[in-house]
Amino acid sequence: MASLTLKEITKGFGKVNALSSVDLHVADGEFCVLLGPSGCGKTTLLNIIAGLIPQDEGIVALDGKSVDRLSPRDRDVAMVFQSYALYPHMSVGQNLAFGLRMRGVPKPTIRERVLESANLLGIEDLLDRKPRELSGGQRQRVAMGRAIVRRPRLFLLDEPLSNLDARLRASVRLELKQLHRKIKSTIVYVTHDQVEAMTLGDKVVVMRNGRVHQIDKPETIYARPADTFVARFIGSPEMNLYQGGIFKKDGQYHFQSAGFSLDLGSLQPNVGEGEVEVGIRPEDIVIGESETALKGTVEMISNVGSEKYLHVGLGDVSITIRAPKEAIFQPGQIILLTIPPDRLHLFYKGLRI
Amino acid sequence: MSREQLEMIIIRLLRIMGLILFIIIVAFPFYWMIVSSFKSLSEILLNPANLGLDIRKIDFHAYYEVLFEHGFLRYISNSVYVSIVTVMLSVTLATVGGYAVTRLRFRGQKFMSYSILLIYMFPAIVLVIPLYVMFSRLGLRDSINLLILVYLAQTLPVALYMLRSYFQTLPPEMEQAGLIDGCSRLGVIWRIVIPLSAPALASVALYTFMIAWNEFLFAFMFLDTPEKFTLSRGVVQLAGSVHLSKQLVMAASVMVTVPILALFLFFERRLVQGLTAGAMKG
Amino acid sequence: MKRTSPAFLDREARLAFWMLFPTFTVVLAFVIFPVIWNLWLSLKPVSLGDLRGASLFKLNLTLANFHKIFSDPGFGSVLVTTFVYTIAGSFLSILMGLAAALLVHGEFPGRSLLRGLFISPYIAPVVAVTFTWSFILDPQLGVLNWLGVSKGFFAQPIPFFSQRWWDLELLGIRIRLPLALTSVILFEGWRYFPFAFLFILARLQAIPNELYQAASVDGASPFQRFYHVTMTQLSPVLSTLFLFRFIWTFNKFDDIFLLTRGQAGTKVMTITVYDYAFGEFNIGASSAVAMLLFGMLSIFLVIYFHWILKEGS
């Protein structure tokens, strides 16, 4: 296994900038997730790491040594494609063995490794079948097997779970995590699904339009999003965000928006007075009486089963609040809610302050 | 009866009549070609209007004569040689060329893409005289292998275009997977692209064979010695040397026609795809 | 800041070069070069006897060849004949192709066999079909003439491919039919209708059934449905086909050469290329006609591409 370092990777297609100066370091054995909406450049980045397309600027290095001059074959990376890209005219066994055959590995070793990987993934009974005879889940495992069997320095996975149905996705996700623990491989995993990113990654890279917005542990990204994009992208339901202004009153900072005003308590925003955005997650809002309680009207209730989400009108804006599943509310009901200042996220010009 | 029903009946009648008419028009020359080839000279001269064929009077003599007394055995082998070699070279070059234009990035890739078909539009008659002059000057004219090269120049543009169109429909991820797994580009073509392109390759092979087998103009212009004649050239030679023995010319025509028609009917679906996939020379 | 090494792109470019090199060379030598060579020859006074001489490369360029071909007495009629042949032949082949496609369209047993049969005239070798047609229409030995005469349709055998004019009376009107030219045009329709047939059939089968159903519901009768749905869907294909066939028929040599050698009023421009070279031994004039042909082809192609771009947007 190897470490991966990307320095200032830039790539453009015609007039479009697919990637702008991406810096990233993945340590040996680390599971790194590239997270972002479609079109953010994550697949392009993966292709550049694999050597399938060249970057316009920047360096790709494995274990500290640049691999830019090496062809995909020589970089010793394995890739699992979103569409699996299995060779349709070969059997599962042949698909698995292909990479080893190309490298001149002796036949008995090939057989051994193929069986080993097949057992690891539970596909040892499928070795003689052709890809078209397999279900989606089985094909996915074969694609993974093809990568594992080669024991590469680096694994690249491009949205490997997106073609599976929801139930299967959850179980395969779990297996992936266990696999990673077992093999201790260096993985770069691309997805647009934040649940996958948060559960699988040791480190998450949030990207949009070719730019990196934040690189951090999943918990950190959730607790301290670096800008409003990350704040909105991570967390379901979305964080409540409001634009407004900060002003000082009696030595305390206050926040005023179209719907409500907040006493910021001990918070000392260092922009002084000005226009900011303020965010609060649905689960951080407290329902009930308090000194600084705000009054709102319940507009709609979403019952997810395990909990409820209340969509409450607060002045001119809406706020989403998480409520326990036993709680009973009616549309039109007036409720009291408190926004604790220490759970607030403040953003100035989009960035966290 | 409603207008709908009346018109439907008219249409049905027209259709049946039309089909019969078309079948006769299309099939009759072929029928006549085959039937005449089994007649004797006297039959041709005395009974020209005999539409049928007396089973007892079937005469294979025309075929015998054409094959052994007019050198058609040789012509057949020449045509087979020229056609097969042209097909092999054409398919090979069009495969790698088509792949390069589809998948590889290089300066002039777009230009090549657009100009392929343009080359195809150059009419043979414009090429014939200069080629004739060039080859005469170099003393190379009477050569079958040169003919093969000329045929290549005729078939490669469309073969390349057809294969390029097909390659564009193959998902590139499979080839990328092959590259990552350790294949070279040529390895990817050989192990992954070609096995998956069988129908397209068959179409190209058939189309190329048809062009090479049927070709007349260049064979007529460039081949001088009878030993080197292809079938098309040979038939013209024969027709010029006999005036009354039409059964010989018909037998020769049958011999040229049957292989290509048989191949075509055998691979009908594939060839039709090939014919409509690329623009065809008239 | 380090720029990406060009080694990556170099590698691909080099590979692409070798993969395209043989094709490129062959096409350059046997297509591009001859055309340029043709231009050269058309501007020199070259005869068949000069071919081995050194005068071939002398820089004695002249427009005499072009002057000659334009001022030769037959030039006007050759031009007219070429256009008549091309337009009528293309039109006929497309008309027949349309008819055949309409007849074959739909599900019925033996359909693919029929389709196979209908494509035969196009697939069969040109020498075979031309000699067969010549034989069938032969004045002395041909079955058509024998049957025609014996059943009383013709007074005497008609030399379809060797007689220039045929005076006949149709419904009291005297018509002077260009016989050989008409026969050749009919052959052209027979031989090339499969091309139109295939394309039209493919397009026919792609017309969604819902269009017909909608028209039916709207009250259109079968013939009306044909006109408003079928024909409107087909007209783009028909125009494209006409353009293609026009260009290719314009450049056709084999068919007329084998049927009539260009006699009896069937001399088209491609035949004159051959006649100048091997009839009058004048290579220069032959190349000049070929250049004229090429020039006209280029104009047609420009028109075609402009038309395509217009349609495409």
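Which chain is which? They are A, B and C, in the order written, and residues in each are numbered from 1.
Everything below uses one rule, namely that a contact is a pair of C-beta atoms (placed from the backbone, for glycine too) under 8 Å apart; a residue touches a chain by one contact, two chains touch by 3 or more.
Computed from a prediction, not measured in an experiment: that's the story for all the values here.
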{"item": "Closest chain to the centre of mass proxy, which here is the mean CA position", "value": "B"}
{"item": "Chain pair that, of all pairs, has the most C-beta pairs in contact", "value": "B-C"}
{"item": "Centroid-based (C-alpha) most distant chain relative to subunit B", "value": "A"}
{"item": "Averaged-CA centre spacing for the pair subunit C and subunit B, given as whole angstrom", "value": "16"}
{"item": "Where subunit A and subunit C are represented by their mean Cα positions, the distance between them in whole Å", "value": "61"}
{"item": "Distance between chain centroids, defined by C-alpha means - subunit A, subunit B (Å)", "value": "57"}
{"item": "Contacts with two or more other chains, residues of subunit B listed in rising order", "value": "none"}
{"item": "Junction residues of subunit A, two or more chains touched", "value": "51, 71"}
{"item": "Subunit C residues counted as touching two or more neighbouring chains", "value": "9"}
{"item": "Partner subunit C, residues of subunit B touching it in the complex", "value": "3-4, 7-8, 11, 15, 18-19, 22-23, 25-30, 32-33, 36, 44-45, 48-49, 51, 93-94, 96-97, 99-101, 104-107, 109, 112, 118-119, 121-134, 136-137, 149-150, 152-153, 156-157, 160, 185, 210, 213-214, 216-217, 231-232, 235-236, 239, 244, 246, 249-250, 253-254, 256-257, 260-261, 264-265, 268-269, 272, 275-276, 279-282"}
{"item": "Contact footprint of subunit B on subunit A as seen in their complex", "value": "47, 50-52, 71-73, 77-79, 81-83, 85-89, 98-99, 102-103, 146, 150"}
{"item": "In the complex, subunit C residues that touch subunit B", "value": "9, 12-13, 15-17, 19-20, 22-23, 26-27, 29-35, 37-38, 41, 46, 51-52, 56, 99-100, 102-103, 112, 114-121, 123-129, 131-133, 135-136, 138, 141-143, 146-147, 150, 190, 192, 195, 198-199, 202, 221-223, 244-245, 247-249, 251-254, 258, 270, 273-274, 277, 283, 286-287, 290-291, 293-294, 297, 301"}
{"item": "Subunit A partner contacts - residues on subunit B that touch it in the complex", "value": "171, 173-174, 176-184, 187, 192, 195-196"}
